[in-house]
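Consider the two complexes below, in which chain A is the common component and chain B and chain C are the respective partners.
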Partner chain A sequence: MTDGDPSLQRRFAAIRKRRWFILGLLGAGLLGCLWLDLMAGPAGLSAEQIVLGLFDPHGLELRHRIILWQVRLPDALIALAVGAALGLAGVETQTILDNPLASPFTLGVSSAAALGASIAIVLVPVLPLLPEAAMLPAMALVFALGAGVLVLVIVHYAGGGRETVVLFGISLVFLCNALTAALHYVADADSSQQIVFWTIGNLTKAGWPEVWIVAACLILILPFSLRQVWLLTLLRGGEAHARSVGIDVARLRFWGILRASILAAFAVCFVGTIAFIGLVGPHIARLLLGEDHRLLVPGSALCGALILSAASFLSKALLPGVIVPVGILTAIVGVPMLLGLLIGRRRQA
Partner chain B sequence: MTRLRVRGLAAGYGQTEVLRDIDLPDLADGQMLGLLGPNASGKSTLMRCLSREKRATGLIELDGLGQDRAGSRRWRAKVAAMPQSPPAPSALMPMELMWSTARALDLALSDAELGRRIEAIFEATGLLPVALAPLHTLSGGKRQLVGLALALIREPDLLLLDEPTSALDLRWRLVVLDLVRDRLTRQGGMAIAALHDIDLAARYCDHLALLSRGRIVAAGPPAEVLTAANLATVFQVAAEVSTRPDGGIAVHILHPLRDDG
Partner chain C sequence: MKIVAAVLLALTLVSPARAERIEVVDLAGRAVALDLPVDRFVISEGRYIPLLALLRPDSPVSGLVGMMSPLGHTQPELEAQLFRRFPAARDIPLFGRGSADSVSVEKIIDLRPQLAIFGLGDHGPGARNAELLHQLQAAGIAIVFIDFRQDPMQNTLPSIELLGQLLGAPDRAQAYGAFYRERRARIEQRVRQSKQRPTVFVQAHPGRFECCWGMADGMLGPFVGLAGGRNIADAVAPGPTAQHTAEFLLTENPDVWIGTASGTVGEYRQGASPVALGPGLGAAEAADSLKRYLSAPEFRALDAARSGRAHAIWHNFYNSPFNIVALEAFARWIHPELFADIDPQQTLAAIHREFLPFDLEGTYFATVPRD
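What follows is the complex of A and B.
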């Protein structure tokens, strides 16, 4: 501030502008990742073929068209949708519970999904007449939403007390993990392996219907989150402050957890429990964009999508000819990003 | 001209009655009432009843506005409370917190107007240099000032201050109370402050109310309320009360009274 002392509003406007710019950069980065993700794969599609195929599918030969439209695009897009949903769910949970370690996973949503999926894997082949392919995500979804409902009941009876919610959510995680372990114990080796594979999380089974469902869920819920950005920002000033202003914190918490549970349930039910994004996506966004939720809410969704898209790219590019399950890579991508930002922040300070 | 009247206010948590038969001195425009009393005497609860954060029975009337549900929104628009605990030490900047609070309250201000109002409040509270610093880098006292700034953002008719100076050092205590008084003189409105410091209360308030175990022990002008007998009853201390040359009251606390049960 050598050039005199510009007014507070001007400096504030400059900070905001810079942050919107960073948000734009994140969006650009996301497009870049999407492009890399589309390019990666063993079929050897060239960049021209991909661009051509995106705008004029029939200009491609059939084999390439199928690879692009039935394999790469759905995989790449579900990475964006799931990542964004988890990032959004994460930032809502963290703000609403005023807990930096909270994520959709501490609410028990994903463990319940894993339990539902395990039940489907172990029991469904035994039961006749049920289509296995649809049962697995359906069971995962039902269990995940069930966990969300249980948490909401607790929120209601705890009067919105946030420690109770976190404690209950973590207890739910332990319970679901125990029951899943029990299923492992009784399951044959094949089912057991399927369960393990599902809980790692991978994108390759998703097709267009899954992409549309998760994307629709995200598009329906995001506006509700965006409508709450002032209240969520205000809540970062503490519960006492929010109450003194006349905000019904318990109500805000109820709706926030409802949104986060639905998002997380739909995000994990098709692709497995992709860990970590709901926790770290919001933190990366916070380090880049600050605590103003007008930026942080879309920023967290973008960061979540960015991490998962980058992980999806790596899952294909890391070992030629092999697709590593993406769940293995999310933390491997996310931790360096977070560490880099933390170290950068340290240097600045 | 009376603007705030409180008669027979009662409130509790579940079965436990916390406040009973609370009559407060009537407040006219520009006046400030100080609430004094030991911890757990019900000061904070009374504050929360007045801000409508908590339900209470009895007569509570501000500019003719009663306690009915329909008037709740209008009540909230007239009254602002500064809670005892300062804003949480997050990475949020005071400016952002002010801005989002104003927007969450639906204040009908353009961005430019809001910016000017916030700047003026920060100027008055001495927060201008830290307006864009993360809250977690601010001292407890500074954050308490942010709490006051937040209460001022909607220019309330009734300002409720719960221990507004507890984290502040000597100079800022005076600055804050001067600021509140100055605001009352220039812009009108009323203030009620729960205070620990008897001297400050005597100096800045037009009326005082002494609370003990959820009841009013004495209420009125400081000279009537602050007597050695009242202080002994409420705080269990021996005190000497004298009149200063300028007409104000000086209270010297001597020693704790023996607890005779």
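What follows is the complex of A and C.
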């Protein structure tokens, strides 16, 4: 056994190779989706014009330059950043809570963000030094992070018990939804409509500053997630097993929830509560890549970005000239992907 | 002889109190029978109070025993004027808040109105709200629907005439109808003579909703066609209103851009982004508010914004008996050469002078200056 079974080793190497290949394919698919997303729109920009415009913006006429750089690019890129952040937050939450139904939204983050946004829309609070346009995302962010902090406090006092965390998170969802409903009740019709559309999620709100902020958040947090991929993989073998080999599960859980909350909070605060991606992105990645978190963590981020990018493309392409809010489309895109994979796996087995 | 005189006297004493039963068809197409005069009635939204004032300028709220939402929800400054002139208006009970879901049927019944006036597609109970209508009818309350929102061009005058009839002011309704018809006919006639149909985009709530919610065949959208323009949102939108990309706007590059401003003077002075119009706002401030919004790069590239053909109109005209001024503004903006003699601001002033017990304050139209 010291040399290992050569056939087993070969098979493992083959599986590993195949999985890296799939990860590569996901990356290529993502680039393809990004390209489709950049091509979609009523202006009829040709592929050549887009490539030229990307490298030499001033080579385009003013109107086309604005369409490419102020309208299409920020929307397409925020789809990638938000999708990746939600996918990453999703896989961390699912692993850390050992619950396939968990998502960043189970922690109450998105409901809290919606509550913050509703307060900003209905009560129009004014804070010094904060421009009025930044009030809504700022309130959404503060509330989302606040929900994260509350959950972390519970993690701390509950000694990291995962049922307690999930139960508390879901209670928080109900509480925030109830308070948002109360705001609907006092709001006028236009404000109510604004809240509804905010909670559906829409990428057109985002400009370049928003793209940079979400991307920076993702880039800063991803290395910390990647540093823990070994521990996360071990945790998938069961909490008792992980403890028995000396892993401080409570600590792991604390940091994981912290990362997921920050990611989800920044992801939703600008574009609204885009649902489904944090839940299903990781499952699609898991079906394709297995439980090894070295691949699963980046894979979930890729899948999240892929779903949202495809949804973003559809949101513009379905009805030319009109935007279908992307939050309506994420599940419509994601469910067939998931079903296809489940059926494919069944056939293999 | 004495007996006859006594009987006649008795009859004349009795007859004003004797109810006259009439049957009308409301704007939802429902046949409604009720007894006149109507001494007690409720309305859904306080925004119908200006209409009551048009019909009965000396006592706009007499007989109004309840409403769902106050006038202040949409027009706080006008409400303040109303309270100053007609202090009784302060004490009108409310039977709900901002939406149909908040309506207390029990409260309406308790207010003992003979008549409930609701609007099609306003924020109050709708014509499909069968349970509520049934409950009110069972309590002996007649319900009529009026409409200034779903089909403003067809339904505005019938709505006013219906209320004129029910609230004992048919001549006031007729007078306003003549005023309105004359102005609408002038626009229709000149538009018929012109072959040109400039392209127009009507954007709802600029600065409050993100870019670009267009009005297609809903709200003020149909006014574009009547005023001799072609509404570019109408060709692509799946519903009455829809969100378009800024790209759509840039690609279509409409000849005329019209924003329906829902910002208030307070928001403008705080530096908030919604384009502002309405009471308390000066013409220069209104123009500045519009200019501020149109300085974003995607609007800078629009020909309309550079050539002085980007305008703002007060959002509340979309559900108002005074929507004729919106039609006039659209006509003047879409065909400046045909309608140089039309001034919607003057028409609005005339409506206030001749029909309303309120002073006109503030600015209701704005145009961004040519580069």
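Everything below uses one rule, namely that the second predicted complex is superposed on the first by the 336 of 349 C-alpha atoms of A that agree within 3 Å, B and C clash if a C-alpha of one lies under 4 Å from a C-alpha of the other, contacts with A are read in each partner's own complex, and residues count from 1 in each chain.
In the analysis below, a contact is a pair of C-beta atoms (placed from the backbone, for glycine too) under 8 Å apart; a residue touches a chain by one contact, two chains touch by 3 or more.
Quick caveat: nothing in here was measured; it's all calculated off a predicted structure.
On the shared subunit chain A, the superposed partners chain B and chain C are arranged side by side without overlap. By the touch criterion defined above, A:Pro209 reaches neither chain B nor chain C. In the superposition on chain A, A:Gly24 makes contact with neither chain B nor chain C. By the touch criterion stated above, A:Leu62 is placed in contact with chain C alone, chain B being left untouched.
By the touch criterion stated above, A:Gly238 is placed in contact with chain B alone, chain C being left untouched. Contacts of A:Pro6 after superposition on the shared chain: neither chain B nor chain C is touched. With both complexes superposed, C is the one of chain B and chain C in contact with more chain A residues.
Look at A:Ile323: by the touch rule set out above, it reaches chain C but stays clear of chain B. Within the superposed three-chain model, A:Tyr185 lies in touch with chain C and out of touch with chain B [touch as defined at top].
Contacts of A:Val71 after superposition: chain C is touched, whereas chain B is not reached. Of the two partner chains, neither chain B nor chain C is touched by A:Pro336.
Overlay on chain A (Cα): least separation between chain B and chain C is 44 Å. Within chain A, no residue touches chain B in one complex and chain C in the other.
Chain A contributes residues 41-44, 62-63, 66-67, 70-72, 126, 131-133, 185-190, 192, 194, 197, 202, 204-205, 316, 319-323, 325 to its touches with chain C in the complex.
Taken together, the chain A residues at the contact with chain B in this complex read 7-9, 11-12, 15, 98, 229-231, 233-234, 236-238, 240-241, 243-247, 286, 290-293.
By the touch criterion given at the top, residues 51-53, 76, 80-85, 87-88, 90-93, 95-97, 100-101, 103-105, 112, 115-116, 118-119, 122, 128, 131-132, 135, 147, 150-151 of chain B touch chain A in their complex.
Interface residues of chain C, counted against chain A in their complex, comprise 73-74, 97-99, 102, 123, 205, 208-211, 235-238, 242-248, 250-253, 262, 270-273, 297-298, 301.
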